[in-house]
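What follows is a set of structures to go through.
Both of the next two complexes hold subunit A, though its partner changes from subunit B to subunit C.
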Partner chain A sequence: MTDATFSSRAITKRPIDWWRWSGRVFLVFLLLFTVLPMVWMVLTSIKTQFAAMQYPPQWWPAEPTLQNYARLLDPSNSVGQEFLRYFWNSFYVALTTTVIGVVVAVPAAYAFSRFRFPGRTFLFFSVLLRNMFPAVVFLMPLFLLMRWLGLVNTHGSLILTYLTFGLPLSIWLLKGFYDNIPIQLEQAARIDGATRFQAFILIVMPLSSPGIIATSIFSFIGAWNEYVYAYTFLSKQESMTLPVGIQRFFTEFATDWPGLMAATFLMSVPVVVLFLVLQKYFVRALTEGAVKN
Partner chain B sequence: MSTVTGQAAFAGDPAVSPRRAGLLRRIVNHRADYLYVLPAIVVMLVVIGYPIYYTIELSLFKTPPNLQMKDKIFVGLDNYVTILRSASFRDVTLNTLIWTAGSTLFAFLLGLGAALSLHREFMGRGVLRALLLIPYVVSAVAASYVWKWLYHSDFGVIGALAVQFQLSDRPINFLDNLHSVLPSLIVVNIWKEFSFAMIMLMAGLQTVPDQLLRAAQVDGANAWQRFWHVTFPHLKSVSMVTVLLLMVANFNSFIIPWIMTGGGPAGASDIWITQIYNLAFGRQRYGVASAYSVILFIVMMTLGYFYVRALTRGDEARAG
Partner chain C sequence: MAEVVLKEVVKHYGAHIAVNHVSLTVGDGEFVALVGPSGCGKTTTLNLVAGLIPMSGGEIHIADRLVNDLDPKDRDIAMVFQNYALYPNKSVYKNLAFPLQMRKLAKPDIDAKVKEAARVLDITHLLERRPRELSGGQQQRVALGRALVRDPAVFLMDEPLSNLDAKLRVQMRSELKRFHQDLHTTVIYVTHDQLEAVTMADKMAVMSGGFLQQYDAPDMVFAKPVNTFVAGFIGSPAMSLVPVQVVRKGDAVWLRSVDGWEFELSAENGHKALSATSDKVVLGARHSTLRIHKSAEPGTVPGRVYIVEPTGDVTFAQVKLGASIIIVSLDPHFPIAPDEPVFVEFNQNKLHLFDGETQMALAAA
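After this line comes the complex of A and B, so read on.
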């Protein structure tokens, strides 16, 4: 303790800590780099089409308006109808993927964490290596597969695909959480007469809920943001998800930039809110596994 | 579920499951354990195993453009030869390397700087970290549109700012210029992913023992020496994993170049992935696209090998 106070005093006594100052300057730079594009997106979204297309630009909108948002969220006009439909599709696909994904990943992760069965390492690495494969490589065969299964233009094709591609990461994340739950807890339950399944449901599941939350956020955000498969599998307008729909929508009118900015803003709201609320879990999930303590 | 198997596996006790037992016997003994993994395996076999097999198969065929795969003609390795001989292959590969290396390097450096600056506790640190992470969370589609607007050749705010500060006499055309298009896209990519590196390295920094840093300080090491000789060696394995994950993500990134330029102008921002997509879904040359995919696949597997090695080093040490 004395050591600590001594050294921190030593730091504060120094005249100027250049490293600390350069760190601060750097952070300000990064903050501007990160935030300014988002600020400009929001500023553009509250301009009229006319105000956005000016040179030099209006740095601050002269007549801020919410008409772009109102148009997108109003179900009584066709633009709003389309947008809300894409929104709902995205939500439906992301939620279904997340729920099924967790149900499948939980037992698998538990097995990888607890059992030592032959082929475990091999299976595990094949699970892990999936992270390496580019979506585009799978696009063509999956497209043919989906056509054969009659799933093209259905949300089923997306859910099945996202599920598979989300699973390796989900399993990997969850395994990290199970590794941290002491085996002794289960053993105690088993001694008290619980079956393995009961021990799993009653002891392990509740303890791993942070892991399940983290994994769910990850797969929800991943599914919500996914573009490549949705872009290829869905050609019917009524089944499109937001990332694809948004594009169709606005290339028709070529350059409705304020409208497009409003749409990207609305599209980002759910994931950003989810992230901000559950930040702790998100960060933990992101680093879990890569950093060993 | 058999109790014996359960208990044997339960403790992970090596003494109970002797190495000597035959593989088959061990598999039979552990049959119940596979049930837990089965759902995941089945889903993945269908959606991952089959496509891999099919891609490799298609890469050896000349495929008809109408997707009637029963009409395909076996051509051996011709598709591979076509790719390697094609004029664009070298340029696209060079673009891919620049894109991957540039994005990875700068995202990592910015992330490292951010992690080091954010390591010390100060007011607003949590808020700052959250703000910096937002680009990583939002969809790449949203990011691409926003940046496309920022780069807009007539009304883009970056060009206008450049004029304002007299760096240029007229708005800059970032995305239609052969030389500026790739760096411009790389900036977007860095914007999107540097905070991933930041988060990973922040977690890594927590493993650096404070006592060591203090000891070094007492011994008279300056800030740079403390970083280079104490902090950085502790970050080595995290950095490895971070760089590899970034590399893989960048190698595979499709959305930013696809939405912002579609590989143009004149292929100046075409990378392997966009090229493959164009070949398959633009020109309907599935065979050639598949062969391209297989080549990409091999590169990824190589990276994957290092990834797994970097990742499991700690795992094995812990498992003993």
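After this line comes the complex of A and C, so read on.
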């Protein structure tokens, strides 16, 4: 009891830390700034067409409805067909980019971390060179390249492009991970009877899974959200990805705000779910190596 | 159990030669310590025996088998690493079982062997824990257990005790020695701590600059160091080494320091001193062979006490003879104070003489 009274007195006696409070106010402001548009998006998506256009606006929908979602997810009408096709295209492009990215980045990062070969430093920094320029700079050259390769209007063009942008980051992130795994673990495994490859699969891979998960999220989200390249490379309606496809909604149903908001909401679901499920790995990956042990 | 033979083993990284034509034979069941300062090539040598890095030249035989081109897994060895290298995502049980699983043993056999190793090392109660939940000493035992469980031909140990605190290190040292006495397995043990090497090993290989300097039983290395490096490395405190000049006075041979002090050598030591390639020799003396006098006596050398270090059982005094410092051990009750003038007597029978040019020990011609 005496402990409790003592500590509470100690807290009340402490002077108000204005610096800390101004930080909190700033964070609350930032939170409202990012969350309010999303709240408005969700609220609009469950309004009727009429309610969405009312002025002054209905802050809370008088007759909430899921009709907009039902329409988007119903494959029997044209809007639903289109939306689901875009969704599937985006998912296919993002997933393929992620899988190929991991398959390439894992051995590349491992090699950069473990082996000393001629040109290693040069190669490692040339991997980074791409990141020194804004993505838009590569738009025309890549478009011409894709046309020459005959890949315009295919998902292959996007997957290739996203890989060139995503791989450097994946390799850097993963290399940091492998650098932190003591080489003695592999040596021990090899002495214990594993081949070099088995040591990698059985010992190193499980230890680097947080890094692999984090890089997967990175490349998935990057590919899922990308707009400019998808808009440039794809002109056929049936091959479009969500960010571009939603824009079509916007022009076709210019006044259908609830429909657009419902589509936007559905588009953000996979990313949010990925983050929520895997965020602990993600944070671990970004702070890995910051503190030894 | 097996013999390990190294023949002219070389490892270089570009122009840097890490291991320079090292040849040595580790007998069946012998405990051999590779000892030397950091960067002397001892760990590289061990990694070459393990097959973890490719050799640049030479041959390594384990149990009469040339293993140059064999993978580590095919060499029938086990290794204990300095940082233990326990698999952090596996329980202690799975750590111990891993080498057996890789060799495709049946599950009941694996279980029996893991439990037996755990019993021997007294870690049965830790089997379900993860390595990070263990203390340093416990991790050490698990690392040892993982090596032990497979019954390999050769144990390789890379500074296994250097991450433990001082008290635990001494305890584990005794346990390792006991464990070798019981199992009679061939052990190659790398350490930078000459005391570990001296106390545990049947033979020690002293390395420096990639070269094998001396390979012999610890008492022989201690009594007859082949050169000034070994003399200065083995023993704690190390042997005092003083560069001096050989001077002939009629039939007698004297040693004279640049600082002016001199003393006469015995006939045998005189012969040794004269066999040097020039008149420059290095005088070596262990702390226990030196005596301190309060007054000048024949054959003594004047000096001044520099530092007095009592350790309880014995007191070490650093005495300045001109510019050089020598270490003398004294009875703790011997009255001595810093800056006191004293006279040092060398024991002619336990004196070491090294060639001033080649740094090699001088033998009576």
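Basically, the second predicted complex is superposed on the first by the 256 of 293 C-alpha atoms of A that agree within 3 Å, B and C clash if a C-alpha of one lies under 4 Å from a C-alpha of the other, contacts with A are read in each partner's own complex, and residues count from 1 in each chain.
The rule we apply is simple: a contact is a pair of C-beta atoms (placed from the backbone, for glycine too) under 8 Å apart; a residue touches a chain by one contact, two chains touch by 3 or more.
Being a predicted model, the structure only gives us computed values, none of them experimental.
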| item | value |
| --- | --- |
| Contact breadth on subunit A, by residue count: subunit C or subunit B | B |
| First, second, both or neither for A:111, with subunit B first and subunit C second | first |
| Which superposed partner A:167 touches (first subunit B, second subunit C, both, neither) | first |
| Which of subunit B and subunit C A:95 touches, first, second, both or neither | neither |
| Touching partner for A:73 - first (subunit B), second (subunit C), both, neither | neither |
| Partner chain(s) touched by A:84 [first = subunit B, second = subunit C, both, neither] | neither |
| First, second, both or neither for A:185, with subunit B first and subunit C second | second |
| Touched partner set for A:55, first subunit B, second subunit C, both or neither | first |
| Those residues of subunit A which subunit B touches in one complex and subunit C touches in the other | 187, 190, 195-196 |
| Residue numbers on subunit A that touch subunit B, as the complex places them | 3-4, 7, 10, 17-20, 23-24, 26-27, 30-31, 33-35, 37-38, 40-41, 44, 52-57, 104-105, 107-108, 110-112, 114-119, 123, 125-142, 144-145, 147, 160-161, 163-165, 167-168, 171, 183, 186-187, 190, 195-197, 221, 224-225, 227-228, 232, 243, 246-247, 257, 260-261, 264, 267-268, 271-272, 275-276, 279, 282-283, 286-287, 289-293 |
| For the subunit C and subunit A complex, residues of the former touching the latter | 47, 50, 52, 71-73, 75, 77-79, 81-83, 85, 87-89, 98-99, 102-103, 146, 150, 156 |
| Subunit A to subunit C touching residues, read off their complex | 182, 184-185, 187-196, 198, 203, 206-207 |
| In the complex with subunit A, residue positions of subunit B that touch it | 1, 6, 9-12, 17, 23, 26-27, 30, 33-37, 39-41, 43-44, 46-48, 50-52, 54-55, 58, 67, 69, 110, 113-114, 116-118, 120, 128, 130-135, 137-142, 145-147, 149-150, 152, 154-155, 157, 160, 163-164, 171, 191, 194-196, 199-200, 202-204, 206-207, 214, 217-218, 223-224, 237-238, 241-242, 245, 248, 251-252, 254-255, 259, 273, 276-277, 280-281, 286, 289-290, 293, 296-297, 300-301, 303-304, 307-308, 311, 314-315, 318 |
